[in-house]
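To keep things simple, chains are lettered A, B, C and D as they appear, and every chain counts its residues starting from 1.
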Amino acid sequence: MNMKVDIAGVTWNNPVTTASGTFASGEEYSEFVDLNILGALTTKGVSNIPWPGNPTPRIAEVYGGMLNAIGLQNPGVEVFCDRDLPFLRKYDTKIIVNVCGKTVADYCEVVERLSDEDVDMLEINISCPNVKEGGIAFGQDPRAVEAITREVKKYAGQPVIMKLSPNVTDISGMAKAAEYGGADALSLINTITGMKIDIYKRTFALANKTGGLSGPAVKPVAVRMVYQAAHAVDIPVIGMGGIADAEDALEFLLAGASAISVGTANFYHPYAAQEVVKGIKDYMITNKINDINELIGAVDR
Amino acid sequence: MRKKTWSTVISQEEVAPAIYSMWLDEREMAAAAKPGQFLSLYCADGARLLPRPISLCEVDKEKGALRIVYRVAGAGTRELSMLHTGDKASVMGVLGNGFPLQGVQGKRVLIIGGGIGIPPMVELARALAGGNDNKIILGYRDGDIFLTDELKKSGEVFIATEDGSIGTRGNVMDAISKHHLNGDIIFACGPTPMLRAVKAYAAEHHIECYLSLEERMACGVGACLACVCKTKEVDSHSNVHNKRICKDGPVFNASEVEI
Amino acid sequence: MNMKVDIAGVTWNNPVTTASGTFASGEEYSEFVDLNILGALTTKGVSNIPWPGNPTPRIAEVYGGMLNAIGLQNPGVEVFCDRDLPFLRKYDTKIIVNVCGKTVADYCEVVERLSDEDVDMLEINISCPNVKEGGIAFGQDPRAVEAITREVKKYAGQPVIMKLSPNVTDISGMAKAAEYGGADALSLINTITGMKIDIYKRTFALANKTGGLSGPAVKPVAVRMVYQAAHAVDIPVIGMGGIADAEDALEFLLAGASAISVGTANFYHPYAAQEVVKGIKDYMITNKINDINELIGAVDR
Amino acid sequence: MRKKTWSTVISQEEVAPAIYSMWLDEREMAAAAKPGQFLSLYCADGARLLPRPISLCEVDKEKGALRIVYRVAGAGTRELSMLHTGDKASVMGVLGNGFPLQGVQGKRVLIIGGGIGIPPMVELARALAGGNDNKIILGYRDGDIFLTDELKKSGEVFIATEDGSIGTRGNVMDAISKHHLNGDIIFACGPTPMLRAVKAYAAEHHIECYLSLEERMACGVGACLACVCKTKEVDSHSNVHNKRICKDGPVFNASEVEI
């Protein structure tokens, strides 16, 4: 039985990774999950210099999900390379570094810094709704998506995954723009911008006013967008948004995702990523699927 | 020792209006637990996914049991309050660093708890009861007090109530000044305004001071960066002026955090 | 204590109405709810001729919500006027007729037909994701929004509420476009396009493949969009999306909605609309609010 | 009589693998209930908001109780299956039109139930047991049969099993032809392929025939238009070729619907 998938020339042992920002750099969850079992591990966003993130409260619980406005707090690419990368390299899993920035030059700086490092893929976050500059601004205009992709590709030593925002009218157009720009793969969805108001304090539940919605609540929107994006481009798509178990993961694979990420579910079920790998395997056995690639996009076949 | 599991509820009772006390059967966690650490409790209702962090109130290592005491603050704690003996509770633990107990031996300790910050003080006071002269200052809203009997076993208890129905009228600081309490070290947990006052008092009197902080949590294990507090110095892990309450805390030296 | 709100010159007894398509024309729920208690009743979409709707399955349950692709089945404006309107007029509530069409002319035909009828307001659905022609196509382009608003206004005998789609990059732009076009009020959000895949049958859960996501799962997105829209225009905004109780309703009012609609919640709690009215009143008493208008947009104050 | 309420579970048992039988205390609904009507059951878990429509299997008007029998098909019915005596179930009812019983007196009745379509036949058969010669044909997957004892009280029972372990090997149509069963009127409930075969058989033999249909439901009361079936003629309510299964059905004259 084959669970290996090829994502832009990088072979993962299975199609399961962790969604950026929900698994830090792996260390915290290594107590719960055997990291060797993951197809890939995607890190929290890394920027050129340390970022302090937003004021608290940074998160709020909402029905079937959560809002977050962490604001991409991270120790910066130097600490990442010195401390987190050596830790990750101990495991038999692909390493995807999620990159964030305020300007195109910021992104390129990080990408260039990582080009010689022992990193397998880069994921460019142009869809974070929680920072004032950068982030989502790049991800809501197809020309900007194409331009930043083209620029980042110039400096990249590894295949580049462009991470798309769901806060758009036309996800297919964004997917195509990234493909035109030279993206090697796509990932989606990032969080959907939302808001919660505390009716007793009559104030915003988050210091940042708005935050990104994630968790099971967003899954139907994510499946739809992954389906649309996968049908719009010829590069692989990594699907995410509300995946908590193998059944959720299989929905995305059937919709056309070549791989999937477990995100918010890690928070409330730290064994989730590992169980998703196991559950996909079980489904393949029960349904006599010899190669995981037979399932990818199979809803249309 | 960190894991997430289904623990059996040994017992649960309402010890004051809307304040519940629950004993959980959790040998492995009890063996590892230290005062000041906490558990994440999860709801059965799938609409509510995030943890409810609740401090350890008592740890019975012999029986392998953990006690929590909590206020019904919203839908999640309401759901928890409806569990009965034999029911299963979804729990992650043990989390956080706990109070630093090394070197406290022989010191005059001020243990200060406000409202729902009182529960963690029970296990702490017991741990320190042997060799210390504990003064325990408790702040309540009104006459519906709880956990005072437990705490009296571990030191001298002073009570402040906002409405003056028991003890000093006012807050814990009023009780401290009224009774001219002194100490070499302070441990405090309670609402932020109280912690600010305690921190200022400790700084003024140059007393070593540890505060247990609260913030909204998603992961409880240091991965999501939701629960940060501002720090005076750049933190070695985050490389910015932030520490994670769930992992680096919830107990901090008052001088290192800005609240 | 005043619960009355003025929506484009029409005074509702309270700010609570029903979301189109979740309350039919009121008859089915009159067994559960005293219709006199509603500020307004919004009907299912009405078209010029009878529409048969989509094939089944038309709905699917998803985490914290549902997907629907009813496809705007309705008996047509003539049956509506002959049968449903006389029923509704028996009650002391404002009547809002939701209008759908395939072409601008279709919309105008219905609007003109209703202009002399005893109807209080019209709500123009340019945001239905579940029909091939019309619907959402009009609601995703600001120029189209402005144009159809302007056209419909020419034939309207009643104030016109333009119902906006959440499936857009920039909700403020859409809100402004409708306002420029002459809209008297806005309502949002309609459903967010989603998809569900049955992993055992390896097929779409809905015959229509995609459907509209509604229910508590969408609330944070709806609150955010209502906040943005209300801050972009000077006309009143009717907020909806996942409102199931008074606390939900108050979030929208605080965010800037002048009125709110109870939708999917009617299905699983048929007393919801009535309880929302009661719950808002209780909140006002507890918090000593004399006029509901003090709450509208109060999160910023 | 339609309302949504919390009903007390009188009892629940597993009557065959994954098939549960539950009695609910619901006097008002029992008083109004007719065979062929159904209830909407709601989940406690807020992740699952839509109703689980379940047919009435028995109505005890004297005790004010309703019986349902259902298969655990997914997470919702699994949740229901875990309720015990004294627990509360969230129920809306009574819904739908039920089987038409007028004018059936004295007729030879064929009652056909397939799989989880069998439960509604219990109350129907009992209602018709007095004046009719009931032939009851039941189709099961295998030897794990259920409700046969109840049904034997109300007529002659013929069983078909797909694996041949009991009765006729094959489906209900095979049992009908094997036993040369005839009737003046048919009532049937079961999977769509079975209903199609029954409809064709009834049309061929010019037998009056009523089918109970299934479709996904959101409201259960006719408001959302989720649960429609195609009709031969334009329906007077919808003004198109659609009827609502929840309100205009679930029982339809076979000749009026296209399945």
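The rule we apply is simple: a residue touches a chain if its C-beta (ideal position, glycine included) is under 8 Å from a C-beta of that chain, and two chains touch if they have at least 3 such contacts.
The chain lineup, named per UniProt: A, C = Dihydroorotate dehydrogenase; B, D = Dihydroorotate dehydrogenase B (NAD(+)), electron transfer subunit.
Since the structure is predicted, the reported quantities are computational estimates derived from the model, not experimental observations.
A.B. asks: Using direct touches as single steps, what is the fewest number of steps from subunit B over to subunit D?
C.D. replies: Between subunit B and subunit D, the shortest chain-hopping route counts 1.
A.B. asks: Which chains make contact with subunit A and with subunit B at once?
C.D. replies: C, D
A.B. asks: Where the centres are mean C-alpha positions, what is the separation of subunit C from subunit D, in Å?
C.D. replies: Chain centres of subunit C and subunit D, defined by C-alpha means, are spaced 36 Å apart.
A.B. asks: Rounded to the nearest whole Å, what is the centre-to-centre distance of subunit B and subunit C, using the mean of the C-alpha atoms as each centre?
C.D. replies: 47
A.B. asks: Whole-Å distance, subunit A centre to subunit C centre, using C-alpha means?
C.D. replies: Taking the average C-alpha coordinate of subunit A and of subunit C, the gap between them is 34 Å.
A.B. asks: Which positions in subunit B touch two or more other chains at once?
C.D. replies: 46-48
A.B. asks: Hey, what residues on subunit A touch two or more of the other chains?
C.D. replies: Those would be 63-65, 216.
A.B. asks: Which category does the touching pattern between chains fall into here: line, ring, star, complete, or other?
C.D. replies: Graph shape, chains as nodes and touching pairs as edges: complete.
A.B. asks: Residues of subunit C touching subunit D in their complex?
C.D. replies: Per the touch definition, subunit C meets subunit D at residues 21-24, 28-29, 31-32, 44, 50-53, 56-61, 63-66, 68, 70, 73, 75-76, 79, 215-216, 264, 266-271.
A.B. asks: Mind pulling up the subunit C residues that touch subunit B in the complex?
C.D. replies: 63-64, 216
A.B. asks: Can you name the residues of subunit D that touch subunit A in the complex?
C.D. replies: Against subunit A, the touching part of subunit D is residues 46-47.
A.B. asks: Which residues of subunit C touch subunit A in their complex?
C.D. replies: Interface residues on the subunit C side: 62-65, 67, 140, 167-170, 192-197, 199, 202-204, 210-211, 213, 216-221, 223-224, 227, 242, 247, 250-251, 254-255, 283, 298-299.
A.B. asks: Given the complex with subunit A, which residues does subunit B contribute to the contact?
C.D. replies: Interface residues on subunit B, with respect to subunit A: 2-4, 42, 46-51, 92, 215-229, 237-242, 247.
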